[in-house]
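Several structures are given next for inspection.
There are two complexes below, and they share chain A, which is joined by chain B in the first and by chain C in the second.
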Partner chain A sequence: MDTALLLNTTMILTLTVITTPILLPLLSQTFQNSPTTITRTVKTAFLISLVPMAIFIYSGMESITSNWEWKFTMNFKIPISLKMDQYSMMFFPIALFVTWSILQFATWYMATEPYITKFFYYLLVFLIAMLTLTIANNLFLLFIGWEGVGIMSFLLIGWWQARAEANTAALQAIIYNRIGDIGLILSMAWLASTMNTWEMQQAFTATQTPTLPLLGLILAATGKSAQFGLHPWLPAAMEGPTPVSALLHSSTMVVAGIFLLIRTHPMFTNNHTALTLCLCLGALSTLFAATCAITQNDIKKIIAFSTSSQLGLMMVTIGLNLPQLAFLHISTHAFFKAMLFLCSGAIIHSLNGEQDIRKMGGLQKMLPTTTSCLTIGNLALMGTPFLAGFYSKDLIIESMNTSYLNTWALLLTLLATSFTATYTTRMTLLVQTGFTRIPTTTPINENNHTITNPITRLALGSIMAGLFITTSIIPTTTPPMTMPTFTKTAAIIVTTLGIILALELSTMTHMLTHPKQNAMMNFSSTLGYFNPLTHRLASLTLLNNGQKLASHLTDLFWYKKMGPEDFADLQVITAKTTTTLHTGLIKTYLGSFALSIILILLSH
Partner chain B sequence: GQPDMAAYLTHQQKVLRLYKKSLRHLESWCIYRDKYRYFACLLRERFDKNKDVKDMVKATELLKAGEEEFWTNQHPQPYIFPDSPGGTSYERYDCYKIPEWCLDFWHPSEKAMYPDYFAKREQWKKLQRESWDKELKQLEEETPADGPRTEALPPARKPGHLPPLWWQYVTRPREIPM
Partner chain C sequence: SGMSKDLMPGPYPRTPEERAAAAKKYNMRVEDYEPYPDDGFGYGDYPKLPDKSLHERDPWYQWDQPDMRHNWGQPMHWDFDMYIRNRVDTSPTVVPWHTMRKHFLIFLSTMLIMFGVGQIYPSYRPVGPKQYPFNDLYLERGGDPNKEPPVVTHYEI
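Right after this comes the complex of A and B.
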């Protein structure tokens, strides 16, 4: 049996299966989509995609398939080439598993929506774009997927389009992603002009890449993966329904930027400027997001900032020149982050739309399955030993500790790890423990298997995924084997310190001291003052300059200054200069005349 | 008696609004109910201490000082109920709330899906046209000269009449659409 044929066939079959709900209604008169058919399609695709993953794990086979070529110029080829390497073959089952669970959950969550089939359709189109991005071997196909996920993100965030904040959030997502796209197009243009190809195999032959295209790629990743500087769209994207937050803004779309950097990492390997930039940017992002998450009170915003923080950590891993480890963190993070969002969705629906953790409490007794899975997800997020997050997160911190790179970035990452533990514990304590503060008359119900099955499946994934992936994939770089005990246990020590800090803060909230605003809390609550500063300042400068150019320049300059006024000003200047020259010393002038005449007469 | 509405707020209204919003922000600060109750009682005592001040100048100064104290002590993320303006599900379903006159533009095949409603719809519309003048007349008679006192509409006064603006009430959209 030809393994290569099986591998290629099953991968392309997966892609074909998920496009069927879009194509079949166009071809047949009677076929109608429904949420259940779409969920079952994605489940089928997941089961099919397990075959190439198994083939890869047991035989290490990778393949690149090139299909039809877009011939619009003679020497520039753009084929539809699909790269089935460890990244795409591992990502497909994970993305499809998470999507299947989210779609099953969404059949309950969005049951009261009039246009639920359109919602599932949008999620399916997003999934197709994301998988296209993953499997692309050339930057053109990747760009198609990149833009596709951006558009679907816009449509899904603004799903409830009558809500003003949802529309602004969708616009924010589009604009910030567009700024990142400038970088991607820059790199694509550079690549096309120097290497004359967009194929990844052919483009990575040079040993030294100049920094400019790498800066472009980093800008693209900053925009798409919400690194510091282009990050505000991610917390704002929580305006979309919870399945959208779970799928797009935690597991799949936001990792597209990091995935781009993983795919193009041969270009980065020898360029230390770019690597250091990634490292420092990632460290700053992870600390900033973790700081913001501590004082948030909306449960979805806490998880959104947590996503932002973990994306910063992935960027740090790219900066350490460890793309495989970054991919491992993407994979494990997908499981527990999607599960955290689904649990929060179950809690929100059970409390009749309440999203503020100040009005939740004691849910451990009321929603046992959901809160148990929430706890498992939080423990995995914190990097509890031997859960999923441990394998990736602990390895990242160990590699960082044993490398001879930026200590400042290391300190920031450790601080962010402890803050992760802090806000996670705070969320757990306020949501699950203590006396209840929920509003009265809440339809608390988790007896539906469409809620519990996805969450428990993802919980199983959160526990097992780390172990499974690390045992089945052979790392290309040797992980650090020996290090001092303190370095080895650094991550767990800072996590414990973070938990202690959270318990202290929680005790303080019980004490009878009147809480007040202070500078640190204000910084964290207003998300670092970033949003009003950039959003208002940028628009204000742009509009001011526009007004100056459009009206003031024409009227003031051409009509006034060039014509009458400036002429009059020039007159005044000449008059003033000559007045200063006219000092009025007649005797001195006569004396100088007489002296010069005497000198001339004498010289003759 | 009925509460009055006018173009300006009375001193009492301003004080009560300050009290309510400071209680809400206190609730955002003090998450646990027992702690909140303790500080809410202290706040109430502070308001009650000055409740019998008759001098309006002094009362206004106290109110101004109270507003300033509120501004410095407010919570950066106050708790807002989900359906209130600024809340998480405010205006969320407005995209599904279509006005009822769109029903007149439905295709006959679509109208055939709800035969009972559309069979009687013309009669209801005729009833609305007939009672409109009477509703307007009642509203004009019952509104005082310098503007309405409350937002509540009066009930129908004569037997056989319908309450004013009943059509807007009967055809209002659902809160959460199906």
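Right after this comes the complex of A and C.
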């Protein structure tokens, strides 16, 4: 069979298979979705998507397909064009694999949920939007996917909608994402007005792109990928169920912003301002998130900040003009981060809803499979040599050390790498080792294969994925080959220092006494005071001023002052002024009249 | 249909009797009742309740309306839609506001200044000028073959 035909057919078949659980209940009277059918659908789609990946690995064939075109203006083309290149063909199997594992896990985790089919349906719609975003070749289709993942994120974070905190978190996600969307729409508008297209191939013809659309794209990535400044929604999104956190807020949705920058990277290549901005923003985000993660006590929040930190690292890679490496990190990160979330979900359910690591301990003996996979995931996250994270993370640090870049960004990233090791070790120590602090009656159970299979599958992925992807993809840029030993081992040295720091701190907590609060601890545990400062101030002023403008000002001015009252006031003022002019000297007036008449008569 | 005229908000209370009647209307004590100042913005006799959001009300008390943390007949704040649990939170912070603002601005300004410094002094691999053989390509660059070429020292990094 013709390779191109096979490639296109299998990719489109993957997308079609994914959409069948949505279409079939509408077309047939008797067909009902269920969690098992949806899981099986995603598994099938994963297996089908392996075919294009294999074709790409063996032959390096890429393809751009244009289907139906939306003809609403004659000179502006918006086709549904799908780009099957290295990024989409590698991302499809990874996203589908991770989603399949998460859906299988969710059949156990959400088993007591009355609307479980709707939950799976929402996850499926999210997946479709995400895959649309990935495979889009023009910004219009990407925007459709972009908005789709935003909406599904809102619905899924606020899944337990009777909970006010979940609603607030969902609102936060939507509003912060919307601020990022301003940037994306700005870039789309610029692109449409200068290049008369939204197709990415046509946009890459210019040699030097002005900074404004690139700023828009960076703003979009800041919003969607929770970089510093538009970051609070990601930790707040942990209000959603753990499968949601695992799928959306670790592997797929949050990488959409970085993916956008990867797709549009030819526009960035020549603009050093934009690249430096990406670098500095990414470095700041990674350090800030890592600093916040050190003092968190909720296991999901630690993993959320870990995600935020790794997203900052991906942004740093974009700033180094290495989009392929950023994509490699996206792929490897998906595996171990999803696995960390699933392990944390298994722990939470086993402890009957306990999420505070201060109330866990010694789980290594009680939940062996889960904690082993947690350890593997943590090691991969830290960049342990030859696990998945190593191939991407170590390469990023090496490339940073051997590039011409902002020194502070380099230092911050190295510091963040050591902090990653610190909070990971802290989490491991408090959750798995030490004395157990859990209540005596807990439903600890990991005998269900719906828990162990996904987690072990993802563990296998965390170990093998890095090696597999690096050996099968040809790099587009030459990686740094020669560097001094200290530079080569910089990443592992800072990681080791971070682990030592964590061990020292835990010994200090047990042996010495420290004051409960100090300025640094307060800064870190309240996430830099960013949340109260911005959320309270901004919403208070906006809402107050909005109400004053919309109701008080309107009522006061247009209905009263502009009309009757002010008019009456003006009348009063004129009356008062003219009244003072009335001096009432009638006799003098009469006398002056008489005098003037006599003078006129005399003059004639 | 709807509320009767004496239950609706009315004009600003001028006499103490009007204040007492307004307080009774809003189910408040006369001592607690404080209307908004009469500055033409149309508040009328609506009580000025303390600007506290619903986050500060006891989450464990058995309210009549648990999601709004509100009992039946309790007067609602003028800006109640801003003070619900999805919006502004006025609960006291652990750290005072000015300390938070100061520390955050110190952090942000330090980061921005250090990024500026890092841009002025970037980090890069050690580099040197390009070194060419044959006395820095003296003859190829049109040097006089009869004259002595200038001495060129090459370095190893």
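Definition applied: the second predicted complex is superposed on the first by the 539 of 604 C-alpha atoms of A that agree within 3 Å, B and C clash if a C-alpha of one lies under 4 Å from a C-alpha of the other, contacts with A are read in each partner's own complex, and residues count from 1 in each chain.
Going forward, a residue touches a chain if its C-beta (ideal position, glycine included) is under 8 Å from a C-beta of that chain, and two chains touch if they have at least 3 such contacts.
If you're wondering where the values come from, they're calculated on a predicted model, not measured in any experiment.
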Fit or clash - chain C, chain B, common chain A: fit
Chain B versus chain C as contact partner of A:R437, first or second or both or neither: first
Contacts of A:A164 with chain B and chain C, given as first, second, both or neither: both
Contacts of A:H582 with chain B and chain C, given as first, second, both or neither: neither
First (chain B), second (chain C), both or neither touched by A:Q296: first
Partner chain in contact with A:L512 - chain B first, chain C second, else both or neither: first
Touching partner for A:Y529 - first (chain B), second (chain C), both, neither: second
Per-pair minimum CA distance [chain C against chain B, superposed on A] in Å: 6
Overlapping contact positions on chain A, where the chain C interface meets the chain B interface: 162, 164, 522, 526
Chain B to chain A touching residues, read off their complex: 28-33, 35, 38-39, 72-77, 79, 82-83, 88-97, 176-178
Contact footprint of chain C on chain A as seen in their complex: 162, 164-165, 167-168, 171, 276, 280, 284, 402-411, 483, 519, 522-523, 526, 528-530, 532-533, 535-536, 539-540, 543-544, 547, 552, 555-556, 560
Residues of chain A touching chain B in the complex: 112, 114, 160-164, 166, 295-298, 352-356, 358-359, 430, 434-435, 437, 509-512, 514-517, 521-522, 525-526
Residues of chain C defined as touching chain A within the complex: 40-42, 67, 79, 82, 85-90, 93-95, 100-101, 103-104, 107, 111, 114-115, 117-119, 121-125
